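Here come two complexes built around chain A, the first alongside chain B, the second alongside chain C.
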Partner chain A sequence: RGLAAGPEMHFGFQTVTEEERREKINQVFESVAKKYDVMNDSMTLGIHRVWKDILMHKMNPSPGTLLLDVAGGTGDIAFRFINYVRSKQEHQLQRKLKHHQNLSWQEIFESYQKDKFNSLGDSQVVVCDINREMLKVGKQKAQHLGYSEGLSWVLGNAEELPFDNDKFDVYTIAFGIRNVTRIDLALQEAYRVLKPGGRFLCLEFSHVSNPLLSRLYDLYSFQVIPVLGEVIAGDWKSYQYLVESIRQFPPQEELKAMIEDAGFFKVDYENLNFGIVAIHSGFKL
Partner chain B sequence: AAVRCQHYPPLRALQASAALRRASDEHKNEPWTSSSQQHFDSPPAGHQPEQEPQGPRPSYTGQGGQESEDYESEEQLQHRILTAALEFVPEHGWTAEAIAEGAKTLGLSVAAAGMFHSDGSELILHFVSECNTKLSKLLEKEQKLVQLGEAEKKPIDEFLRHAVEARLRMLIPYIEKWPQALSVLLLPRNIPSSLNLLTSMIDDIWYYAGDQSTDFNWYTRRAVLTGIYNTTELVMMQDSSPDFEDTWRFLENRVADAMAMSNTASQVQSTGEAVVQGLMGAAVTVSN
Partner chain C sequence: GRARANHSEPWGRDGRGGEEEEEEGWHQLYPGHIPTSLLQKALLAAGSAVMALYDPYRHDMVAVLGETTGCLALPNLRDKMKNHPEGYHILQERPRIRLSTLDMARLQGLPDGSLGREYVRFLEDNKVSPDTRMPPKFVDDEELAYVIQRYREVHDLMHTLLGMPTNMLGEVVVKWFEAVQTGLPMCVLGAAFGPVRLSTRKLQVLATELVPWAIRSGLNASCVLNVYYEQRWEQPVESLREELGIFPPP
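Then we have the complex of A and B:
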């Protein structure tokens, strides 16, 4: 299951060639880009925000972390990263000030001045996506929400990243790896661009093993989601693809094996919501 | 896709960290690393060669050419990271930040701290295990000196005081953050490991004190010494006297109490036996 050898691949439940698959997926995201966030909220009843928060918590980035968010399109992970690092910096600053009890007003003023210029503490996030429309929506969101520092947007393909080796501390791919045509190549690229000791994190829909829940989940997926897609975004087919692609994606253990094959160590996964979503983690050691 | 049926992760050489270590040979000088394997770790699966911390690396012949010379397991790498992290504890506490700084000094990304719990449990357990190992080595060395006749054998109360003091002194560089560590060690998740480390340390001390009992005394001795150790540790936490002299005096008193108590106990026992014998005699007399 999953990726077949030769030119035949799956696009949802259809069988297509590799070229066709790339083109179709490109079209899907061009069409959903503007309503992407709205649809996420309505399909998952807002729970996707919690999933992404959990991912950030698991990452627990220290100041000075360089993050590469692949298939990061509309910037959800990137913005959360910036918020997290900023609040950590503030905590550290407060702790430092508490230690030095007898500072003069001048010294306190200076320390605030100094740290204002790196409120992110040298942390940076690069958002990389293969689809121009998604990046456009992301940049607009950033402007609207006031994120500018430590953030950059790059057009690129997860199977062939436009970055040097050993560059990033953390690589994340949230709800994106499912749409990559050659997952093994994407994993190899992830390994390449990570620094030694760097961490790979993948947040993705996965397989529910509980039979009762699985039936309810299937019901919801196939009956409700495409309808929502038509009503809210005017696009039944894209959301049909989405639901089908979830079923075609390798389950937790298989993805874990693929990640290990790419060279990662200490590969593990955490199921969220009984396996509806899973976070896989690996280290380049 | 192939289905994997292995129980252990594949024993591959850690590529990235091996390359780093080749590049930074001068930095390797951790006397604890190779000897810390006994107490805390379960040995990693399979037959991994122990690495030498200094000097020329041995090459492994007959291994099929696959293994690089600096073959290191994940656990060994984690040990190195935790040992490196200890120097950042006074500043950052027993936290993921300290581990991240430690990883940085080894040339690894700060994200490597993600391998460990964010509450610093592994770091603290690692530290405790290392201290226990140091104590064992110290006691073994002293025992050798006694055996060779170069030193006097200490009386038992002095020996216990000396051992507990030596072990507690290892906490001094980290004393400010130690209360935090104690609370983490008491988390339900950590209790099995921390209890294990504590009991094996107490065992070691009694062993080197020459305890060879195989009866109920074995348990009482350990319980008593554990009590002495724990209470002294707590006293040390809020002791502000110069060089912790209040703590050592407290320790001296507790050990003296324990000695007195054991004398009392044996007195009570012999008195009890005498009373019982008297009663038996009286019973025999009456029955006649």
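Then we have the complex of A and C:
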């Protein structure tokens, strides 16, 4: 439901075939890649950063976690993950040192050295995206910001992941699942590549039920966002697609049911900003 | 014809009905047309004005500004064209100035001082091409969309007729001329704010000689959009200037 039956589907408010949809979405992201981050900040007035921070807190990864971030293009989730486990690792180290009050300076120094080479505590994140341009931007950002350890970039399709079964501790997809043509396949793949006990987390635009807020949100989405797209990125059409695709996406309960259909347990969701955005979570048991 | 504004209502999950409504609302009048509501046009006008000032290399923003603010000036221009035999001709035939439609070799072969020869010289000297003009997107009338397209494509010929190069100074002078000629708010804004980025020495020349000349010529000359340039390549530039009423450049 939410997807048209047969070979016809929606691209925003247009009706297209599956092939056309994939191609159109590919073009959208090729076109927006360079200005992706600027546009995110402009459209959400920087709030998307808070949403992603909340996702990371909910995940609460401990050092040693292996994360797969799908549709992770420009690296926002991956970098946050690295920061989070690095700081956790540091805290753990500090706590350890506090307990070793009787160590000589030499021993403390050595202990520091050992853990310095392990600043991430063996945590790793794989960023997987179907679009080369987005990955390119992500890699450049990583270089610019100094992220290299524990980070890898893979070109891949969420509907057919290039990974073995039972590999990852956590699977995230932030603002990506909306652009997947066969959501059911993506969910099945997510289930497949997660280890037993692994967690699925999805951060995505969802539905606002409050009628007043919904109208204001629609007004802002349809009147302001494409204009921002044109003025900042010189690209009205991609941002028109963006706001339309949000309306086409299954609402909270429907997505929850789809996640359960893929085999996940303990599926629930948390609304952020009255449902403008929702985080869905599920576990593979 | 007029387009219905792109006011999209979120439609229900049950498909059919909402879909038809959406397709109707998206009324494309010409290829590249994006129908917009009044609010969207206002936001676009404001946004493009700011962006054009902030980043002068965003020519697309200047174009958008022209389209969203031209609602009074464009019909005016179109009427001027309709009421003039040559202008009427242009509206009927809708000629386009593009590398693919121009016979560059022939124009280069024309005698010095002719419109065709001097136009090609201008393109070469300033390393510009007529193909870089933005097609209109936000004009909600397909005849007016042609008018603004024609205005853009004829811009380089303005440079040729006025003898102005494509540096900031030259562009500002041409904008003053165009502002007087067309009344397009975008030209007025460009003429008023363009000089902001010029040195004081250039500003002096601009204020004392160039702008007064551009204004006088603009007022004196007949409508430059009423000239079928493509049929006048052999005509000497000076003769065309005289015919139009453009005073010789200082």
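Simple rule for what comes next: the second predicted complex is superposed on the first by the 284 of 285 C-alpha atoms of A that agree within 3 Å, B and C clash if a C-alpha of one lies under 4 Å from a C-alpha of the other, contacts with A are read in each partner's own complex, and residues count from 1 in each chain.
Please note the rule applied: a residue touches a chain if its C-beta (ideal position, glycine included) is under 8 Å from a C-beta of that chain, and two chains touch if they have at least 3 such contacts.
Predicted, not measured: the structure shown is a model, and the values here were computed from it.
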Touched partner set for A:Ile54, first chain B, second chain C, both or neither: neither
First, second, both or neither for A:Glu260, with chain B first and chain C second: first
Chain B versus chain C as contact partner of A:Leu228, first or second or both or neither: second
A:Leu185 touches, of chain B and chain C: first, second, both or neither? neither
Touching partner for A:Leu213 - first (chain B), second (chain C), both, neither: neither
Partner chain in contact with A:Leu93 - chain B first, chain C second, else both or neither: neither
Touching partner for A:Pro196 - first (chain B), second (chain C), both, neither: first
Chain B versus chain C as contact partner of A:Leu272, first or second or both or neither: neither
Partner, of chain C and chain B, that touches more residues belonging to chain A: B
Partner chain in contact with A:Val154 - chain B first, chain C second, else both or neither: neither
Footprint overlap on chain A, where chain B in one structure and chain C in the other make contact: 1-2
Interface residues, chain C side, partner chain A - complex: 6-11, 13, 15, 19, 22, 26, 34, 37, 39-40, 43-44, 47-48, 50-51, 58, 60-61, 64, 137
Residue numbers on chain A that touch chain C, as the complex places them: 1-2, 4, 13, 15, 214, 218, 222-224, 226-228, 230-232, 234, 236-237, 244, 247
In the complex with chain A, residue positions of chain B that touch it: 1-2, 4, 9-10, 12, 14-17, 19-20, 74, 77, 96-97, 100, 103, 106-115, 118
Residues of chain A that touch chain B when the two form their complex: 1-3, 58-62, 64-65, 169-170, 194-199, 250, 253-254, 257-258, 260, 263, 265-267, 281, 283-285
